[in-house]
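Both complexes shown next keep chain A, but they swap its partner, so chain B is in the first and chain C is in the second.
Let's turn to the complex of A and B:
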């Protein structure tokens, strides 16, 4: 056992084996390694985004509650080109709540008041309903709970608001806590695969 | 699509279909009337007006030189940070290797430890780390469709390559999990050899379990190393209560038992131990000749010095033994060897003070 030649031989064999194993792993993985990977939400799986389920009381707020960050890396994003700019936006107002004296719903839908509503141009005081309104999302308030996303889709809305992962915020955990608790496996890892399709099955671009 | 949600949707639909059957017989005029009627149909809870929205109004519909605001699109992930991560990891490994084999100063290791804890731990919040990368690598080998970023491959391989060349320098202070525990080592006790040996086997079991869960098909795949990472909760300042409790418990235990996670649980430590067994260069405690005093073995909180030699597989290159070695201190000029009685030159290789001559 203490024979120096034998010892040296074992040492060298072991070293070569390790080097080959490491090099092999490096080559196998390096050949299909990509420069980045990210977590993304598949719109057609996400309960809040996909068509068929409506009503903010059925919202799935795992994205808001389960992220390891204090304020989730998921945000609602309003694609302005798709936005109907409605006066009574179902994502902005709680349209099933009581009406206020001005003919608009009295309550806002967003629990964190993260949606900003600005009228476009002059508002005709006799016909405010016919005006266009711009809805932007205050990203410092939004926590991605998805209530507005749930409302802004068929039949009430056009589906312009989606949930998206903010890659600059996401710490890209290996064991993503949202993905673990996502009820529909909509939160998935993308890398060399193409990003999930944005078009919703059965309507909405 | 109507602007507001209607609670009478089914009625509306049946009216529409009923009316449209009738409309087919009545010609274009009725159809026109019907379309108007559909638009004007009073909707419950909304007596006044509704603008039918079937398509989003574009800037030309809105007029008044309205500009579409920029969509709050997600910024692409900055791969730049990953490049910084890899460069810093490489630099830290080189620095740790130089300290372990040339400069031999404990304060340098502490500097690396603190810097690494600050950057990889608290700033980058513990992801990506080589320990967790084991699972990505295993899953990527098992499932060729899985994304495997360059940064993960490099984080997995660099410390192992370093271990093959110069020993476990990654553990010395580069690893944030090791770093947080290393700073907690306050009153280390020497564990019985058997505890070290058999406890050390746990990490291989953990490694096997982690590999097993990582190579499962996509739905059942689970990264248990990350899920049960005891210290990442501290780095992120959030986490489940019992994981934080476990991490805190390990740190308290780590005050007395040096780096319990690294020694007994860390799966990457298992891989590094296997590879560093065949390292080209291993940590050499004395700078020149040895005194057989055994002070190094006493100073090692990890029980990694056996027969007055640093065990290649267990030595984490923390440089504590260098600081305690009298020969090293003589070399640095911190102490002088003086003759006590006669003027004979001191005989080296004879035990000056035979403290616990461990065999």
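Let's turn to the complex of A and C:
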């Protein structure tokens, strides 16, 4: 490689490196700014999550209906470490509905059929009650309506299913439509923390 | 069969008859006294509900049973035997085999320990481990999403009854560990059925041979004949609506005791046969 070629190569490499660095910094700063404007559900305020209100007929589905996205950014999440892997999961089956010939409820609870039930390990084909089951949320179907959360909560269930704002989906609107319509003020902005006061209010200087 | 709520014992607080943090289990003796295990002690109540004694335990206990001449306390990885004055007599240390002992039944030299960690029942004779119970019919162990496995000695003292929450039934085993009977199935509408993900959670047998079981969400107590025919259930509104794993004990005077673990209270019910 002669001298002019080497100079051109070094110039191009330098420009590319600078462009990548500047672009990366921009992405990081952009993400950080977005995360400061994130929205989150306060569990002890949300009627679907907090203790004391039970039964899917009492569900609040504002998260499902009021998000600006076609499919809400709020989704149900099952914490598998907490899940009891029950055979008759009240979040999966409509336990108050009619029974099927196999002794299990005939209908599912989720109106969008967004929960997948899979037997785990060696399966006992003769006794479904003798098996453990894994319950996973199909994110392409779940719209965060919260019915499963309502039925899984303690003490009826173990509270392993909860509602979460998916930050990879949320577009971080400045005026979130869900927050505006949440009846319990449970949908809150997680903004940057205010700077700590230099002196305590009412304290001695 | 009449099933009425009589009164409440103990509770959460600082008084001698109350518990500070936790009420784990209850049992009765042949003289109809009530033993309540909680915090790190056993409180003994007279049949009239007066606090009679406070007996310290070496560790936080999870279950209690009364033998002919001693008390047994289920611990994490062990079982402790005390005399009626609270003096330790022996301790079965079996940490390799035993997890959290949440249910105990004792008859003579035979001791059955419900192990919630390993989801099995261990049978001991004279302090020596003999075998597991129930593992042949429950090939994946007892299924207890509620975290507690409970059993009780049957009125005939020749078998034990076990609450199997995920299978929504009561199972009966003889003292050789063989399943001899079972009753109950899932259902949300008929009170004879067991609803939710995992009920019944706890169990006891009365001197007359009836089987009482407790449920969560809603918290209640149901009474069945020995063969599994539904008789009655507790009145509404007695327990905290969020309480669960209600331990049960019955005496020979028609009293049925039920814990409310959230309130650290013991609810006293009366079971009376109605005349025909």
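Here is the rule we go by: the second predicted complex is superposed on the first by the 155 of 205 C-alpha atoms of A that agree within 3 Å, B and C clash if a C-alpha of one lies under 4 Å from a C-alpha of the other, contacts with A are read in each partner's own complex, and residues count from 1 in each chain.
Simple rule for what comes next: a contact is a pair of C-beta atoms (placed from the backbone, for glycine too) under 8 Å apart; a residue touches a chain by one contact, two chains touch by 3 or more.
Just so it is clear, the model here is predicted, and its values are computed rather than measured.
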Message = With both complexes overlaid on chain A, does A:103 touch chain B (first), chain C (second), both or neither?
response = both
Inquiry  = Tell me the contact category for A:136 with respect to chain B and chain C: first, second, both or neither.
reply    = first
Key: Touched partner set for A:154, first chain B, second chain C, both or neither   = both
Query = Does the superposition put A:113 against chain B (first), chain C (second), both, or neither?
reply = neither
Ask   = In the superposed arrangement, does A:173 touch chain B (first), chain C (second), both or neither?
value = first
Request  = Considering only touches as defined above, state whether A:124 meets chain B (first), chain C (second), both or neither.
outcome  = second
Chain A residues contacted in one complex by chain B, in the other by chain C = 54, 84-88, 90, 95-96, 99, 103, 121, 129-130, 132, 154-158
Note = The chain C residues in contact with chain A across the complex are 138-140, 143, 145-146, 166-168, 185-189, 195-198, 216-217, 219, 241-244
Query = Where on chain A does chain B make contact in their complex?
reply = 11, 14-15, 17-19, 22, 25-26, 28-30, 32-38, 54, 68-70, 75, 77-88, 90, 95-96, 99, 103, 120-121, 127, 129-130, 132, 134, 136-137, 139, 151, 154-158, 160, 164-168, 170-175, 185, 189-193
Request  = Over in the complex, which chain B residues touch chain A? Could you list them?
outcome  = 1-6, 9, 45-46, 48-51, 53, 55-58, 62-64, 66, 68-69, 71-79, 82, 125, 127-128, 132-133, 135-137, 140-141, 144-150, 152-153, 156-157, 160-161, 164, 219, 222-223, 226-227, 236-239, 274-275, 277-280
Task = Enumerate the contact residues on chain A facing chain C in the complex.
result = 51-52, 54, 84-90, 95-96, 99, 103-104, 121, 124, 129-132, 154-158
